[in-house]
Every structure is written in C-alpha cells, then in structure tokens.
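Each of the next two complexes has chain A plus one other chain: chain B in the first, chain C in the second.
Let's turn to the complex of A and B:
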C-alpha cells in the first residue's frame, strides 16, 4: 500500500498575508507580522503583542447573513478553504460529496463569541445570549461551516491536542484517505485567540513570552527566548489520493506520508519524540541522511526547545547538511493551524528552492548545534520532516517529499 | 454515493469498560439502572430564576473522586474541572476492567488514548470569567488563575493524565466533534488498530456542561426540554409531547484491542467492533431534514462496511435526543434503510433516562449495546406515553425486554451536521 497522499492546494489566511503569494513574499523578505495588538486595547494584559491579521473581510468569502453567525476562527477557515480549493483547481461539484472530508485542528473554540456570550449572560441575562453562540463557539464550528459552505458530506473530524491539535488532524486525515474513507480532504486548522480572555488563558499556562513592546520576542532555540508568541489564522491543505491527483494532472506540491504519534508517558525526556521522527522516516522509506530540512515545534520555551534540540541532534547526528526552519517566529504560533502552515512553508520553499529565514533567533543556546539561518538560503529543500510537540508531551512527526 | 470495497483488516474487540453516569458509576450499576427504566432527571429551580424556558437537568450525584482514583497518582486532580475528573475516573475503571494496567509497563508504545468532549471544562471557564470581570461588571482584567483555565479547554487532558499514569506512549489526542464525539473517538481508535498502527486504544468521552452559560446557549435556540410534565418525564424521545433534550453530564471509556492481542492474553471480550461510519449533512448547523437522508446514508454505510444485511441488526441504541426534529429524522432514516424490517428492530434511547451528556452520550450508548449483547436485555425508552403518528417504530417503550442481540448499532447526531454510527457484534469465537 502506498503510504502517502498528494498535496495539491494551499490556502493561507495568515498575519503575513492572505493568499500564498503575499504570505511567501513577506516570509522570504524576513518581515515580522508580530505587532502590538490593535483589535482591542491590550494595555491591561501582560502580553500585548501577537501575530494579528489585518485587512481581512469575511464578506470577501461569505454572504453577510452567514458571516454574522460565525466566530472569526470559522471565517478564517472558510476563507482558507476557498483559497486552497482554488489553488488546487478543484470544483467540488465534480466530486461525490460523500468522498470529501474536512479535518481540522482547533485548540479552544471561538473566543470572540465566547466572550460576547458571557457578557450577554452576566450583563443582560440568560434570555439575551445571542442565538449563534451554540454553533459558533464550539471547536468543531469551522468544520461544520466549511462542510455546509462547500457542500461537503464525507467523514469530517476536528481535534484538540494543544500545540499538536493541527498535527493530530493531519495525522488522522492522511489515514482517512489511505484507508479509503475519503478521496479528498481539506486538512489543516484555524485559530483566533486574540481576545483578552483568550490571551489570559494561554498566558496562564506560562508558555507565552511576556511582552508589551518587544516584537522580536519569539526566539526559538535562542539563548534569550522567553516563550511563545500567539498568532491567529488558518491554513488549509488539499490532500488527495495520489492516483486521483496524478490522473487529473493536478499540480502536486508534494507527497505527505503517514505520520507517527507518540506520547511522553514515562516522564519528560526526548525518547518518544525521537521515536516519532524515526517512525515517520520509516513510513517514507527515507534515512536520516536524506532529510534536507526539519520544521520543528519551535515553541520557544525552555522545556520544549530542549527536548527538540537534543532529540534532533541525536537522531540526525550523521546528517551533516540539514537545516532547521522556524517560520512561525515571523507570524506567531497558530496552534491548530501551525503544522499545516509549516507544511505550506515547506512546500513553497521546495518549489522556490529558497528556505525562508528564521527571524529573531540570533544566539543559539549553549549546547545546541542546529543549522538555523536568519537569512534566506538557496538550495534543495524537497525532503522535509515536520514535528509537532504538545505542552504535555504528545509528539507527531510526518514527512513530506516534494517532487 | 460511490461504492467502495472495504478491505479485510485486523479485527478489533472491546475488552474494557468504564462509566461515570448519572445512573451508575461502573458498568454493572449502569446496566442495572438502565434496565430498570428509572429516570434520573430532576428540576433545578435556579434555571427558571435566571430566565430560562427549561428547568430540568440530569447530574451525577455522590461523585467521590478518591473512591475512584488514588489521588497520590494525580496531583491536583481534585481542583480540576469535573470533566477531567469524570474522564480520569472512567478511564481508570476501563483500564482496570481490561486487566491492562500491568501490560503497558513494557508494551506502552503500542497503546494509546483518544478522548473527546463537546465543550470541555465550561464550568471552569465561567468561574474564571466571573473572577476576572466581577461577574460581568468590569472589562476582563488579568489575574493569576493558573493553568487550570487552559487545561479545562484541553479535551485530551484526561487522556494525558491516564497515559502518564499507565505508560501508554502511543497516540494521545482528542476529538472535539460535539455530540458525536464519543463514538467518533471510538471510530478513530478503531482505525488506528485496524491499520496496525497500534494494538490497544482507550476511546473516551467526558462532559460536564452543567453551568449557566451552557443552559443559556442551548435554551435560547429552543434545544432544551420545556414539556409541561413532571421533571423526571422531561426527556421523552419519540413521544408526541417531546420538546427538546435534557442537559446531562458524565464520562464513558472503552478499551479497544486487536483481537489476537486480546486472545493471547486471555482478555474478556465484550464485543467486536464491526464498523464505524460518519457523514456530514452539509445542510445546517442544527436543523435536520425530516426525510432522514443523511442518517439513512450513514446507517447504510455502516452496514456496508460491516458486511451486514439490514435484517441482521438486532438492536439500535438511537441518538433519540427527544427533540422534535431529531426523533422524526432518525425514524425516517431507519424506515429508508431497513424498510419493512424497521418495525421489527427494537430501538431505544438511553437519553430518556439520563438526558443528553453531549459527547459522552454516544459512548454511553455503546456501553448500553455492550450490556445488551452480554445480558440479552434491551433497556427501554421511558416516558413514552403519547404516540406520534410519524414516529411509529418499536421504541421498547417503558419496560425493558429480553432480547438476544448479536449485532447492535449505535447512532449519533450533532451540531455541525455530523452523523456517526458504529456496529458491534457479539464475539462468538473465531467462527464469527
């Protein structure tokens, strides 16, 4: 059995830009989309910077009567889905709707609508809670609205697993195609946590960098790192059965292989993270020396960076050429959308033969021997490994080989 | 829709059960009380006081965390949201019931856990909102509330606590697909075992939604029961006077295991998982078409995947939520698929007794089917008093029935337009 699916479309709604071209141009140019939050006044919060999306109008993608019923995180997902379908040159009318699925990661639901509903409840009373709350707030809302907007009727699922929410969705989506559940999947994720309540929720775990002004505070593997910076947005990838993509002459960005998921069940160490990478390599029949670039979790927290750096140095010690790329430093951590975004970056880097810079990381932490570049690098980046690691120790690794 | 051949894969059986439900904290108590046909639904006058139309709910009484788990193994668990506590308690039961606690010590990489929830730790969210806004009087102000805020939104948090305690080092994640999430988690676990990714998976669901935000959110869209009747009769699936569901809580966990693995260690086998299917209606986030087509599609799909003829189904544990739309939608679907045989299949709704615990309701339905396979008893749909001309199938009204179940089906529907089904078979040795 072939262990991979084709990726034939990329849809990006990202702080760096809406659509793959603007996103890519800004990423390679080293632009930093982390900014002072302007959507609301953040001055009372310990975190006042984030990867915020400006200039997004849901009405560009949705009728107003639908847009009003949805939270921002669903707007982003519907938009990214449209961009991905267009990029893949797919007209869903030509597909059996029961063979198409939507598999998304989302970490904690719709924050705008959650706050609105809570204030309505406490200020105005229970009968005055908005009637969209029930379907706009829960984490499967984007999946539901995307399936309705695009007439999709196949198996659809949404996942929560902290930073590995999106990686969980991709892990199961590849399986769903390989096992014959779906022929075509809109896979990825979406997040919109930039509200006071949302930021406090994340901040209170201790993973966020406390920053009120510094826009360069997201520094994966750097000595001066102090935590993650939140971002928002959605990335959707079109996954297809390889044979289908080939027979319709689709533009195949790359092949996504069966992933591997492990858990640090026996205490914090990097053994299970390593195991997820080793198994992911085996699923793609690649050796450690074949890998050109690794896109790690790059959470920018001491605990996570240490596990990743030590594991990667151990597993890939014989590979003398591979790069590490942490594009999320440029737009913030997208949680449910993060792994799909990393994969989008990887595919565009392979296609353009340019690895985008990892901004902010200037002084590698002691003992880290990682090839992280702050400037774009030309070369071949077609064999890529993506690793995601949740705060409590779920690890997902998957391989992409670009043609 | 397209026809597909479903290849023979590894077989998957259920070897452990854990449940924390309003009518039973443990499988035997749950099965006993389901068979008795007792309602656990009560009125809560505070619901009327805050202006709701519905005033009934179903809750777990007398939950004593330390009687379920050794708190030394779960630091801080007693301070976490009830959905985490219920999930861990049900998970411990399931692992103990399956006799796997020792196996995982040297075999953990082939064992994983997938949990699910619809809205996770909403009570904690609400409490923290009250704390940060003086109950809505101020803007949200930052205070140190700790990681319990975030963890109450992590639907895989109970799974992670269990993975660490029992050294399950395979996949550990969660599904968030609302009211189908429990059976969806089972479906994802089933796929991982069938495709030889893993040998043992816990599939769980945990829900503790009983707080004012949940009530208000569901009440305003008229989802909750407002039938004028005694509180214990408020959940009345398929009855003409049904008016909505009754919100409930609880956790359910089953252990899925590859057949040979279970046989080799002499595990008790409750049933074999024959199929899992799930579709989206692409119609509406909450509304359902009266003709039942999306549900008929997924029921047919689960039969096809299991390689079963419609007449082979002996029992359906229905979604049966007691909403006017759903119960008609389901009934129509069963008529489409089972045709004249539809009237011969006993169909019952566990929600008639314990309400709708969102994600975990469908896994409680699974456990109900496992009980029917084992005990040859089908629990009733209670509060069935006034026939609805359009809902005219055999709902096992009001009294349990002795009935041998070889193949049982569970159905679930949820917000977002998701419909999921699973079929379970009595395990009768390798001849099956």
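Let's turn to the complex of A and C:
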C-alpha cells in the first residue's frame, strides 16, 4: 500500500495575500507582511506588531447571515476552503458526502468573539452575552462551519497542539485517507489571535518577541532573535486518495507521505525530534541525502531554535546540499495554519523552481551550520521535509515529493 | 418605533436583506430565523425597552411581535 496521498488544491488566506498568486508573488519578492497592528489601538501592549490580514471581507465568501455568527478564524477557514476546492477543480456535490472530511488545526479559538463576550458580560450583564459565544469561539468551529457550508458528512476532526496543531491535523488526515476513513479531506488550519486579550495571553507564555516598532523582529536561527511574531490566516490543502486524483486527471501538486509523530519528555531534548524526521524519511523511502529543502518550526525562540538546529545538523550531516526555508518570517507564525502554509510554500517553490527568501535572518547563531538564504534561490526543490514542534516537545515530521 | 428596533437588529446585527423585513413577514416561514437569532431580537428589545420578550413555539409575524411588545410597554406604564 502506498503511504502517500495526493495534494490537489491550495487555499491561502494570509497576511501576504489572499489566494496563492498574490501570496506567492509577495513572498518571492521578499515582502514583509508583519506590520504595526491597525485593527485596534495596540499602544498599551508590549507587542504591537503582527502579521495582520488587511482587506478581507467575509461576505466575499459567506452569506452575511452566517458570517455574523462566526468568529474571524472561522471566516478565514471557510474562505481558504473555497479557494482550495476551486483550485482543485472539485465540486463536492459530485462526491459521497460520507467519504469527505474536514481536518483542521487550531491553537487558540476565536478571540474576537471572546473579547466581545467578556465586554457583554462585564459591561452589560449576563443576560446580554451573545447567543453565539459558545459555538463561535470553540476551536472546532471552523471545522463545523466548513462541513455545514459544503454538506460534508464524513469523519471530521480538529486538533489543538500548540505550534504543531496544524501539523497534527495533516498527519492524521493522511492516516484517515490511507486507512480508508475518507477519500477526500480538506486539511490544514486556521488562526486569528490578533486581539488585545489574545496577544497578551500569548505574550505571557514568554514566546513572543516584544516589539512595538521593529517589523523585522521575527528572526529564526538568528543571533538577534527575541521570539515568535504572531500572524493570522488559514491555509487549506485538498488531500485525495492518490488513485482517485490520478483517475480524475487532477493537477497533483505533490504527494504527502505518512509522517511521524513523537513526544519529548522535556522541551530541550532533540532526540525525539530527530526520530520523527528519520521515521518520516523511511515512510517515504527517502534517505537524508535525497532532501532538497527542510521547512522547520522556525519559532525564533532560543529553546526551539537550538533543538531544531542541533537535530537537523545531526540527522542531515551527510547531506551537503539541502536548504532551510523559514517563510513564516514574512507573515508571522500561524500556529494551526502553520504547517499547511509551509507545505503550500514548498509546493509552489517546487513548481516555480524558486525557493523564496527567509527574510530577517542575517546573523546565524554561533554553532549553527544551516543553509538559510535571504534572497530567492533557483533550483529543484521537489523533495521536502516539514517539521513542526510544539513548545514542550510534540514533534511532527512529514515528507512531500512534488510532481 | 418597535418595528424599527427589530428591523435594525435583523438587518444590521443579523445580516438579513432589508427588503424581506416587513411587518407581515413570519419569523419562521418567511425569515427562517433560528433560535439564536430569536435570542438576539429578545436581547435588543430588553436593551431598548427593558422588557423580556420570549418567542413562542408558534410562528408569528413581526407586526404581531410589535403589538405584543407595545402591549407589554403600556402595561408597564400603567403599573
């Protein structure tokens, strides 16, 4: 049995652009979507910069009556799902709804509606809390609204695993197809944490760079790193049984292989991160020397960077050619949508034969021997490894081979 | 006055098209309001007039809701 599924559609709602063309053009051009937050006045916050999406109107993708009942993170997911299905040239009316699933990652739930609900409770009183509070904030809300929108009735799941939320969704989505639960899955994730309360909650965990003005503060593996920069958005990939995609003549971007998940006993040990990468390679029948590019977690925190750099240098020490790409420096960390976005970047890079730049990383930390380029690089980038790591050590590694 | 309050909530808070929001429109049959949307209408009436309007199980027109609310308001004034 093949251990891979086909990726046939990409839907992107991202600070760099809505839709894959605008996103890709801006990414390759080295544009930085991290900006001073304008959605609210951030002056009282220690973090005032983020990857914020401008110009998104949920009514472009949803009936207005439905949009008012949902939080921003669900709007993004429904929009990305539509873009992905359109990209895959799929009409779900033609599919058995019991064989289609929605598998999303989300770390933080709906912050807009939470802030609104708290205002209503403490300013107006308990009777005035909006009736959608319970359903709209919940991390499974995007999965629910996408399945309702498209009449999807197959197995659906949502995953919460810190920075590895989206990678977990993708890992189990591949398994669900390979084990016969679904034939087609909308997989990826969504996140929208940019509210005062959302940002301060993340900040208090100690992972965020405390920038009020510096837009180039997200610097993975750089000596001057000071933490993660939040972003928002959604990426949805269409995953299909490989045979189905081939028989319908779909445009197959690449094959996503059954990856590997491991968990560390602590947040600073890299052995199980290494193990996840080695097992993922084995599942794809690739060796370390076959890999063209690695898309790591690239959290930009000292602890995470150290674990990843040391593990990658150990596992891939015989590979003299591979690149490291950290596209999220251009739009912020998307948590639940992070790995699906990395995979979208990887597929577009392979297709265009251009690796986009990793902006901001100028001075590699001492002891890091990583090939990170600040300018676009031409070449073949068809064999890709994606690794995601939650803060305390849940690791997910997955291989993609582009067509 | 009451109708304008309800219409404002239906259009601006719930996203209904203004053309379909008429006094004759039935809540279920014509507007297809769900239970959460009914709650929003009740909340707006409570905010604006301080009354507790509870939707019954039977379908009702917006005009009849207005009449009930106006009756509740007049009783409050007289009590």
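Just so we're on the same page, the second predicted complex is superposed on the first by the 401 of 403 C-alpha atoms of A that agree within 3 Å, B and C clash if a C-alpha of one lies under 4 Å from a C-alpha of the other, contacts with A are read in each partner's own complex, and residues count from 1 in each chain.
Here is the rule we go by: contacts are C-beta pairs under 8 Å (C-beta built on N, C-alpha and C of every residue); 3 or more make two chains touch, one makes a residue touch a chain.
Everything quoted here is computed from the prediction, not taken from an experiment.
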item: Contacts of A:288 with chain B and chain C, given as first, second, both or neither; value: neither
item: Contacts of A:68 with chain B and chain C, given as first, second, both or neither; value: second
item: Which superposed partner A:147 touches (first chain B, second chain C, both, neither); value: first
item: First (chain B), second (chain C), both or neither touched by A:278; value: neither
item: Contacts of A:127 with chain B and chain C, given as first, second, both or neither; value: both
item: More chain A residues in contact [chain B versus chain C]; value: B
item: Touching partner for A:107 - first (chain B), second (chain C), both, neither; value: first
item: First (chain B), second (chain C), both or neither touched by A:303; value: neither
item: Set intersection of chain A contacts, chain C complex versus chain B complex; value: 69, 127, 130-131
item: Complex interface listing, chain A residues touching chain C; value: 63-69, 124, 127-128, 130-132
item: Touching residues (chain side chain C, partner chain A) in the complex; value: 13-16, 35-36, 39-40, 43, 46-47
item: Chain B partner contacts - residues on chain A that touch it in the complex; value: 44-46, 69, 96-99, 102, 106-109, 114-115, 117-119, 121-123, 125-127, 129-131, 133-135, 137-141, 143-145, 147-148, 150-162, 164, 168, 171-172, 175-176, 178-181, 196-197, 200-206, 261-266, 272, 275, 392-394
item: Chain B - residues contacting chain A, complex; value: 1-2, 4-7, 50-52, 108-109, 112-113, 118-119, 125-126, 129-130, 132-133, 135-137, 139-142, 144-147, 149-151, 153-157, 160, 163-164, 166-178, 181, 184, 188, 191-192, 194-195, 197, 212-213, 215-221, 223, 277-286, 294, 297, 414-418
